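Just so it is clear, A, B and C label the chains in written order, and each chain counts residues from 1 on its own.
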Amino acid sequence: MIVTDRISFQSKGYCDIVDITHEVAKRVVKAQIDSGAVTLFVAGSTAGITTIEFEPGLVSDFKEMWQQFAPDNISYNHNRAWDDDNGYSHVRASLLGASLVIPFQDKILALGTWQQVVLVDFDNRPRSRQVVVQIMGES
Amino acid sequence: MIVTDRISFQSKGYCDIVDITHEVAKRVVKAQIDSGAVTLFVAGSTAGITTIEFEPGLVSDFKEMWQQFAPDNISYNHNRAWDDDNGYSHVRASLLGASLVIPFQDKILALGTWQQVVLVDFDNRPRSRQVVVQIMGES
Amino acid sequence: MIVTDRISFQSKGYCDIVDITHEVAKRVVKAQIDSGAVTLFVAGSTAGITTIEFEPGLVSDFKEMWQQFAPDNISYNHNRAWDDDNGYSHVRASLLGASLVIPFQDKILALGTWQQVVLVDFDNRPRSRQVVVQIMGES
């Protein structure tokens, strides 16, 4: 059995880290599937999905790490070619990855207590984002 | 329902970034499965799979980022032990990751318009590569 | 068909890299499923899962790469707020990722010969770890 749903929201861009754990969990509860896995996937090439302990200190630490890895103020070939100034957003997103798969049993996600599911929007402007939430399993 | 297929091709190595989007989409169309997810997995420990906007500027930006992260001209313990000189290829591949999962509905992958699926071959020589394409879902 | 199992073990922390390939393969053999995919997921926000050629040289190279990326001896906001000194563990884990999906056919995982499945424990102390091993497929 498969249920394919979507979470839609507005991000602020600039490495905005959006906690979607509750929205994911709600969709798992709603689906008529007891055990299985939920696949999360973000369409677009300037955002990624991962898990993090969602507290303000770590959120800022994670942003600083990305600024070290792929600074927003160095030269990118993408910018020179397309003049859209978000080359750093793209390379960060490709490194982080667009998909995450989380198993669940009895409708409970296998997340740790301090482990939240987040979308990281690396783009250099606010964006409307959609995350595909596909639940596959058996009842 | 499950269909397990493979994409085989020759890469150039040296951070060659190969767009396999069309080959993946073809296999999804061919399978008798309307909705579900396709799992991509590369066998081998010197390549990874991700998504990127596949245009020449970003392709070169992404390569430069990896050269910053894990340079090909510094010392690796792997090289000293095995004398095969591709320690940088291995650590890059382990960071990027070997698998990606993409949901689809009505045989259409949930990719963004500017989001292509790529194999990144970090090895220090041309390689024959196989990507497992496993389609799981319902018709 | 779905089988959800767990692998439990003790890690040493401090970027301990634990080879769980054999434990994963055993669970695939045990399940009454011939073809499908195994999803691996680590609960907790200071560890990740990936594949690597598991030999001592690369294991130390991979650890050194993480020390370059997110050093254990710089300042993290997480540490200042929570006084637990493992901010570097968290940001590394969020970058590496908590899930990996590996297809299999005839109960044989699609891994390369020199490609092992590992948990990387970035925490700054020994930990009891559980990896969820969910096998989905058909017999």
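Points to keep in mind about this one:
Here, a residue touches a chain if its C-beta (ideal position, glycine included) is under 8 Å from a C-beta of that chain, and two chains touch if they have at least 3 such contacts.
Note that the coordinates shown come from a computational prediction; the quantities given were computed from them, not determined experimentally.
Chains that touch both subunit A and subunit B: C.
Where the sister copies subunit A and subunit C meet, the same residue numbers recur on both sides for under half of the interface positions. Annotation, subunit B versus subunit C: rotation angle of 120 degrees from the Cα superposition, expressed as a multiple of 5.
Here the CA centre of subunit A is 19 Å from the CA centre of subunit C. Shown for subunit A are the residues in touch with two or more other chains, namely 69, 95, 97, 101, 136. Those residues of subunit A lying in contact with subunit B across their complex are 1-2, 4, 39, 41, 43-45, 69-70, 76-82, 87, 90-91, 93-95, 97-99, 101, 132, 134, 136. Only residues 35-37, 50-53, 55-58, 60-62, 65, 69, 95-97, 100-103, 105, 110-112, 114-115, 136-138 of subunit C touch subunit B when the two sit together in their complex.
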